[in-house]
């Protein structure tokens, strides 16, 4: 299984019956492919729909029914449509159980940067700031490193998306949470050693009790020697 | 024609084609009976409908379709229904061309009191404060006096509905406006002498140029001798 | 969303809870829920609603049964019982301009801290409230409202909980369906998924917690 | 509401006007109005919209034609022309979180001074903005937005101007239809009065000023 699918599959295990879930573009979109059997999840598309269905058959495209990227989709039975104020009322008002977003950097305390790289990429925050500020649970789906550099860092060099910490970061190597405001390794993906996670993480990691403690002392892992970030993908 | 109909008929002359109009209970409701021919006016009922129709035939009552007092009405073709936030968005947002309300007192500067008599009648302001604050034009429909006492006063003794002056007061005797913040007699109803209006008005009145000036000097009219108000109907 | 028996739904509501109750002069009030509150004698309640209707109608039944400690409403003029309990000091009545009440409830459900409205400025409704100037104009800051439970009346609910309302029975119902910790819906009609077109749904299913089962 | 020819509607819009334009990545943007703005070369415009779409789509056409002086949007990521004009200093781009943008427009149409949202706190989006504490929590005060004209796309308009939208083409359209001095609507379908049920109307007729006549 490729890295992206590994991440999406693990995040899908966080879904529960009846939840309202918003999936960002990129890896988060793949989560919909791994919904556990027997549960019904409402997927919200922030352009104004709950109940987005798969891509339509040829000849069945309706120009007034797309995903947030403008690509044609279908609607499932029981779908509902609404305006952008309602869409973000659902997000900001605490009705959204989970938002799954991509990330550029996540810091030690769980703060996320995912919407701009000054001078290089300024797409606008779109709905990201509302999603992180408003969702009941924020899950970041991202590769553990970008071009060999860690994305889980001591402090974000990139502009923050919110002052509200995320709840979970899932990468192809690990699952990291932030109990008591401290980045904590909760699980490693199958076949990944704790040491591999430490070696590719700049942030100081705490460890969940059920994890085997690393054999290398943290100071020896060389995390501090990573080059400064700023052009993460 | 009775006093109430006289008032309603005169107010109906303020209506223009395509206007959105809210009619309060009491005399204002009667305005709908005098809409000039050939114009289409949208009547809003603040409980959530534009396009209220007359009382239904026996056997045709729908419990989910009433006026703001809970009385069954019908809906005209082209009617639309909405929630209370939209209803007051139309009012507060400047979309309502005219609101016609009853009044307990209107003062010299056009300030209206119409929602409570302390210790006696505390029904709640309902939509009155929003209507006066938000409508493009506020027209008060009321009898000129209550139990012989003037309702157009120097200063309202009753709690104000808004700090925004009304635009027009129509009584069975007169039409009074507030150009430059000063109560001004614009018209008298048919057969009413300017002196009759002055005699039953406590507020100092200015006079529209086209009106015959009163022969009695203002000080001699005795307006200052009216007893204090406070239990106006 | 789960279906639930009327009595079990009301049994969840503790004495002293804050409830939002839909309806405008009783139109669009979920009467079976009100009746069951009276039957189970749930007292000491705070009710947020447009009005207290009239004796024997909607929220008026809760007033007459003396189950309310406080009401936050825009109008009580057609219920003499409310006035009498208020004057006797047995019921706290907070009067709020109707448009302000609607927006404060919406703000509670939409995650906004409050609203900025010119309504009430220069009247006794401004007492004790913060004034905020925006672009040179004054507004009252009116804080958001939320409740423990919303009792919502719908015309149609589908099996998932998508709601549609009927004409003037809509009023505060869709706003309250967003603004409470637990949302209980009584629907006139319950229909299979797909019967309501996506564009006609007013309240999206995921905000509904409980739908009262048909008897 | 009056019906009007496409060219006459756009002729009303002066150079330098502020426009709200419905649509989300072009979906629900009134393309005929956009095309006519380009044909009449209406320049120096400020556009308030969700995004600048992509070159050749919706608002992207106005970007490419260099008719815009300023945009107030939540996203420009799929239009490289916008980025390029912004970096060259030819276009002012004000980025606003999407939910904040939607509520600011709604506030403009609903007569509210602004909104109180926690979105953006602790980020560069809070710069220069007033913070207001309500019940111990901080919110940003984001002022209401209004425009001279709203260009609205509807799925169905009736002869009076009542509007219904289709699925994800709804987005910002009903909000903008409330928030501009003059509201111009382009509808896919124009139907007789009564064809749209009162409960299905999303935008009430009285707020619509002009409906583009069918060709």
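First chain written, first letter: the chains are A, B, C and D, and each begins at residue 1.
The rule is simple: a contact is a pair of C-beta atoms (placed from the backbone, for glycine too) under 8 Å apart; a residue touches a chain by one contact, two chains touch by 3 or more.
These numbers come from a predicted model, not from an experiment.
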Where chain B and chain C overlap in contact partners, by chain label: D
Between B-D and A-D, the pair with more C-beta contacts: A-D
Chain at maximum distance from chain B, centres defined as averaged CA atoms: A
Between chain D and chain C, distance of the C-alpha-averaged centres to the nearest whole Å: 32
Chain A and chain D, separation of their C-alpha mean positions in angstrom: 30
Centre distance in Å when chain B and chain D are each reduced to the mean of their C-alpha atoms: 36
Centre distance in Å when chain A and chain B are each reduced to the mean of their C-alpha atoms: 57
Shared interface positions of chain A, touching two or more other chains: 49, 75, 81-82, 85, 88-89, 91-92, 134
Contacts with 2+ other chains: residues of chain C: 103, 106, 110-112, 117-118, 155, 165-167, 170, 198-199
Chain-level touch network, classified as line, ring, star, complete or other: other
Chains grouped in pairs wherever the two touch, ordered by label: A-C, A-D, B-C, B-D, C-D
Partner chain C, residues of chain B touching it in the complex: 45-49, 62-66, 68-70, 75, 81-85, 87-89, 91-92, 121-130, 133-134, 159-164
Partner chain C, residues of chain A touching it in the complex: 18-20, 42, 49-51, 75, 77-82, 85-86, 88-95, 134
Of chain D, residues touching chain C in the complex: 103, 107, 110-118, 132, 134-135, 137, 139, 141, 143-144, 164-167, 170, 198-200
Chain C to chain A touching residues, read off their complex: 1, 106, 108-112, 158-160, 162, 178-179, 193-194, 198-199, 201, 204-207
Residue ranges of chain C in contact with chain B within the complex: 24-28, 50-51, 53-54, 57, 73-78, 83, 86, 95, 97-103, 106, 117-125, 155, 165-175, 202
